[in-house]
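Following are the structures in question.
Okay, so chain A shows up in both of these, paired with chain B first and chain C after.
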Partner chain A sequence: MMKKRFNGTGWLFASPYLFYGIIFFIIPLIWSFYLALTDWNLIAPVYEFIAFDNFIEAVQNPGVQAAFFVTFKFMAAFVPMVIVSSLVVALVVHGLPRFKGLFLIGFFLPYLASGVVSSLIVKGLLSYNSSINVVLRDSFGLDIDWLNSPLSALLVVAAIIAWKFTGYYALILTAGFEGINKEIYEAAAIDGVTASQRFFKITLPLLYPALFTTLILSIGVSFGIFTEVYQLTGGGPNYATNTWQMEIFNQAFTNLNAGYASAVAIIASVVTFVAILMIRKILEVWGKRNGWV
Partner chain B sequence: MVGSSKGLLFRYIIAFALLSVMVFPYLYMVLNSFAAWDQVDKSIIPSSFSFRSYEWLFTGGEGGTSRPWIRSFFNSVIVSSASTALMMVSGAMVAFALAKMKFKGRAFINNAVLFQMFFPAIILLIPTFLIVQNVGMYDSYLAMILPKALSLWAVFMYTNFFRAIPDTFIESARLDGANNFQILLKIVLPMSKSITTVIFLFLFMERWTELLWDMIVVRSDHMLTLNVLLSQMFGPYGGYPGPLYAASVILTVPIIILFLCFAKQFKEGMQFTLK
Partner chain C sequence: MKMKKTSLFLSTSILAAALAGCSTGQGSGSEDGVTTIEFWAAPNPTQQVYWEEMAEAFEKENEDIKVEVSPMKESPTSEAGIQTAIAGKSAPTMSENINRGFAAQLAESKALVPLNEIEGFDELLQNRSMEETIKTWKFADDNQYVMPIYSNPMLFGWRIDVLKEAGVEEVPKTYSEMLEAADKLKEKFPDKYIWAKADLADPTAWKRWFDFFMLYDAASGGNNFIEGDQFVADDAAGIEVLQLMDDLREKDALLTKQATDPFESGLGVFTDIGPWTFSYWEEKFPEMVYGETFDLALPPVPDDVSTENVNTFADTKGIVVYASATEEERAAAMEFMNFVYSDPENDLTWLETTKLPPARDDLSSNEAFASFFEENPELKPYADAIPNAIPSIDNAKYNELQTHIGSMAVNPVVEGTISPEDGWEEMKRAIEGELKK
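For the complex of A and B:
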């Protein structure tokens, strides 16, 4: 039993969080609700209370509506991309006896590199006179303006972020693979199970906990896209890649509508929170129904 | 799953093919940073090379229209190091309290940390900016360091790890008269080297590549971090793709070096985090 005199020391050790939580969580949280009810523009000394006008304006705004749908469109592209690619990497690389260090650093590199750098390289690779586009134009007659058509811009951004997270998620899935008891495969081999049955009936269900983790993480990522979009498209063309962060950044720091942007941020937070909670619940129920959890 | 040596060879071929796809853009970046300027973005492997892009960065470009590239590199080093150091110290302290000390309110603090961790942080962006502005920290190092002086993720990771350390180690040290700071420094942290490496690498990497926050709290050219400066190069410097790749290389190399230095401990630490 520890004695009561450790009480004060406990609070002393926890004090960095207390300061941080009050200054950078509680105060900003309250302030954001206060701001959202005003028409303040970040500079003017005076402002007015306009009650819920910001919220009413926000839900009618095309940028905000775009952000709502872009997040889910982005999720629909990004999540399958990153799950498949990390699953493939983990399947191929796990248990390979040599070059472990090389694979670790190699597949992790996109995660370590700045999103700015990755976006810049992709922009270069997709520029009009780049070798990729020259080959596509001359040999296939395809003239694709990658970042200026809505669908391809969204897919390019999704692909960059899938590329970034593949190595990280592959590491999570690799740990999942290594946790599977090898005797199950041996027993299955004796029973004459085919390779595809083995993958879908044994590996995938046993991998579900690791897969669940990567799914939840990748869905969370979908709600927080900024760097790649800012760097490549600025939210365009015509809001096709306008994420919540992009919309809030533009409203607050380009248009200086601090009050309005706070209202948008509150809407974004509520949408994010509710959506992640619901998706999580669906995945859990789905996993249970299939007997995977 | 192991299979024949033929199967193994086949898997190695696919593994290296996948690896080349993942790494190719960075090789492209390095090659183009050394390319002659009329060769940049023209072919996969440039036909002639030069150091002109790096020279351009270090001498400040044409006509002395110097952008403070070297300064921005050191800004990044200062901000990332200070911020990461604070996040490590605060993370270990708070986690030690949550995992190994008994006091009234511990459960409350633990729940507050978890709640805040899963709270959508975007709502805090504008008011946090206003706090920084109101206390006169706008356009300073402190503006980039203090709001990122504590990482909830670091607290979370350290707490989980510390909980796995048997209490007997701590009890016996306490009987020997060690105080909590000594226990944390001399017993708990030395037992946590691998997880410390993982936390350090992730935090430093994240801080080094931060864009949004560092972009909004800093205005002056000489205060920009390298990542922000590189990002801003897009507009006025769109015509200089060579230096753009060179700056990208300079931004990426330190992270890779750090990662290579700690690769072994990182691998061990990741085993714990993935459990």
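For the complex of A and C:
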């Protein structure tokens, strides 16, 4: 029987990350749980232990309830938008005879752009007296209140984030395209498959690992939306774009309810974890059932 | 073995560096008979330079006190920066840029020193001639937690050039005059609005200072909105303010869609204006000329309210001393404030640098400021209105309370989804519920 040996060097090399994890993840996590059980605002000298009151209040709060549903509405709008647009970009880049890298970098640049700046530009573009709206009003009689109507506000924010992430996900999908063996297409051509059959029966199934990655990443993004909402709508109108991050920010830094905000953050983490786990499982099962993985 | 030692050294160094990065680097304290106080200036270069100059001048006359000026951290907001600094035991001795509502939050958490308990505060009020102005700053517990630096009585700007074209010769002073102006404006310019302001449909708490509270303070004669934990607002005045918004909406004279520079472009002819606007206009909209394209006025009032001595909201911020400061640091902070505010020239420098009116009773009468107002006539109405300016409510829950004003009353009224009376009642119920929590 082999005797287990203590590997000091291994622990030593891992120690910087372990210390980092303990200081910046484990301790704050425990601290956050503790904070969520109190009514502390972080600055008062005295505070009370209120058990699960913050959690009970949070689940009854319209802002938190809105954050729960708004996240899934964002997901429903953002994920198809970003997957389709990144797929199109990847297909176009993949088909280019040269300068693929250059074009990919170009599409990737919005990912590096400041969310604040892009939001302010969009705000200007969609303002009542912008050229777009003047044309829409004068030529088509359309007077759209982009950021003050629940549906359009949500779609505008989803579109900005989709624009930001399209290049990033296209990079992953292009790598997926490049990894598909060209001989398969040659064989299919000999068998006389049509262009649509080739895309849906060959390309998409073989691209599934890359698509799976982008799907999971984009679903994760839906749970962390903040900057664009903060800049454009402030969570409105009437909570229509109130995300988890907005709710946590408002409670922690505007209303100074740190304990309550911690409870909301914990609820948000649990919802995010469970949702991503379930969606991942569904995608895996679906992929296996259709023979894509 | 050598490799293990190297790894140990490396990981220890990384950890030490990481922990050093967490250091607060707090600068206040007493050493060698010199008391060092840390002063956080507002996060803009203009104010930071002003306070650095003041600190330098003060240190020349007070060798036993050192004032370290640094910009307030905005992570992600200046309020959040202060909150985390207090929580992390790295709060400065004192800071500026504190509004009354945030001061109330801090005071409720015992994070501030009542300035009236520090020796030299009464002398400071006398020296700066602000005994009247400071009265409206008293908190519900009878203490003074904030030393107001500036007081911007918010005024409304009117596009007099557009109004004249529409046949309105005088700036409206009452609600009926305003509604009459709306009729004339819409008749001449169907695409223009009296009030084009997207914030009216936004529940964000601070936005109510620049619409609802300006009108409410005027309509109610400066009647308090909240006193301690009691809702004491003038119901009739509040409903009249909402009725005005509703009437403008019905006349299609209110635009709540997001528009770029609506007042400057003439899309709207009425907007709230602070003194900070003029330097921005000088650069970006030189065509905006006081007395030619726009005029400034106190808020319009209901027809049965006098148009003399009208009250308005005061956008004011001031200095606080944090409770973590030692007795020596508190005394040094008061000495520094006395040094700065005992000489009107320092307030004049402030006024010239920031264009924000110092919170003094004698701003419009003191000779020291006369030449400044001659050169900047558009700022004179602000100085004149200081005695009638009402600062924000001093309740620690001001954010929640003012959000209710927006979400329950102002927002639905301007959207036409609730009547002014019902909106007021809904808001009142929500505020009273919040105050009981």
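Annotations
Assume the second predicted complex is superposed on the first by the 273 of 293 C-alpha atoms of A that agree within 3 Å, B and C clash if a C-alpha of one lies under 4 Å from a C-alpha of the other, contacts with A are read in each partner's own complex, and residues count from 1 in each chain.
Going forward, a residue touches a chain if its C-beta (ideal position, glycine included) is under 8 Å from a C-beta of that chain, and two chains touch if they have at least 3 such contacts.
Here the structure is a predicted model, which is why all the values come from computation and not from measurement.
The superposition on chain A brings chain B into a clash with chain C.
Looking at the shared chain after the overlay, A:A268 reaches chain B, while chain C stays out of its contact range.
Of the two partner chains, chain B and chain C are each touched by A:I23. With both complexes superposed, B is the one of chain B and chain C in contact with more chain A residues. Contact with both chain B and chain C is seen for A:F253 once the two complexes are overlaid on the shared chain. In the superposed model, A:Y185 lies in contact with chain B only, and not with chain C. Of the two partner chains, chain C is the only one touched by A:I43; chain B is not. When the two structures are aligned on the shared chain, A:F13 is found in touch with chain B and with chain C.
In the overlay built on the shared chain, the residue A:R280 is in contact with neither chain B nor chain C.
With both structures placed on the common chain, the touch criterion links A:A113 to chain B but leaves chain C unconnected. Clashing C-alpha atoms with chain C after superposition occur in a single stretch of chain B, namely 129-137 (options considered: 93-101, 129-137, 147-155 or 255-263). Annotation: chain A residues 8-9, 13, 16, 20, 23, 124, 127, 129-130, 249, 252-253, 258 touch chain B in one complex and chain C in the other.
Contacts from chain A toward chain C in the complex involve residues 8-9, 12-13, 15-16, 19-20, 23, 41-45, 123-124, 126-130, 145-148, 234, 236-238, 249, 252-256, 258.
Touching chain A in their complex are the following residues of chain B: 1-2, 8, 11-12, 14-15, 18-19, 22-23, 25-26, 28-29, 32, 40-44, 89-90, 93-94, 96-98, 101-106, 109, 112-113, 116, 119-120, 122-131, 147, 149-150, 155, 179-180, 205, 208-209, 211-212, 216, 227, 230-231, 234, 241, 244-245, 248, 251-252, 255-256, 259-260, 263, 266-267, 270-271, 274-275. Per the touch definition, chain A reaches chain B in the complex via residues 2, 6-11, 13-14, 16-18, 20-21, 23-25, 27-29, 31-32, 35, 88-89, 92-93, 95-96, 99-118, 120-122, 124-125, 127, 129-131, 163, 166-167, 171-172, 175, 182, 185, 223-224, 226-227, 230-231, 244-245, 248-249, 252-253, 258, 261-262, 265-266, 268-269, 272-273.
Listed in rising order, the residues of chain C touching chain A in the complex are 3-4, 7-8, 10-11, 14-15, 18-19, 22, 76-77, 79-80, 83-84, 86-87, 105-106, 108-111, 196, 198, 201-205, 255-260, 262, 265, 267, 397, 399-400, 407, 411.
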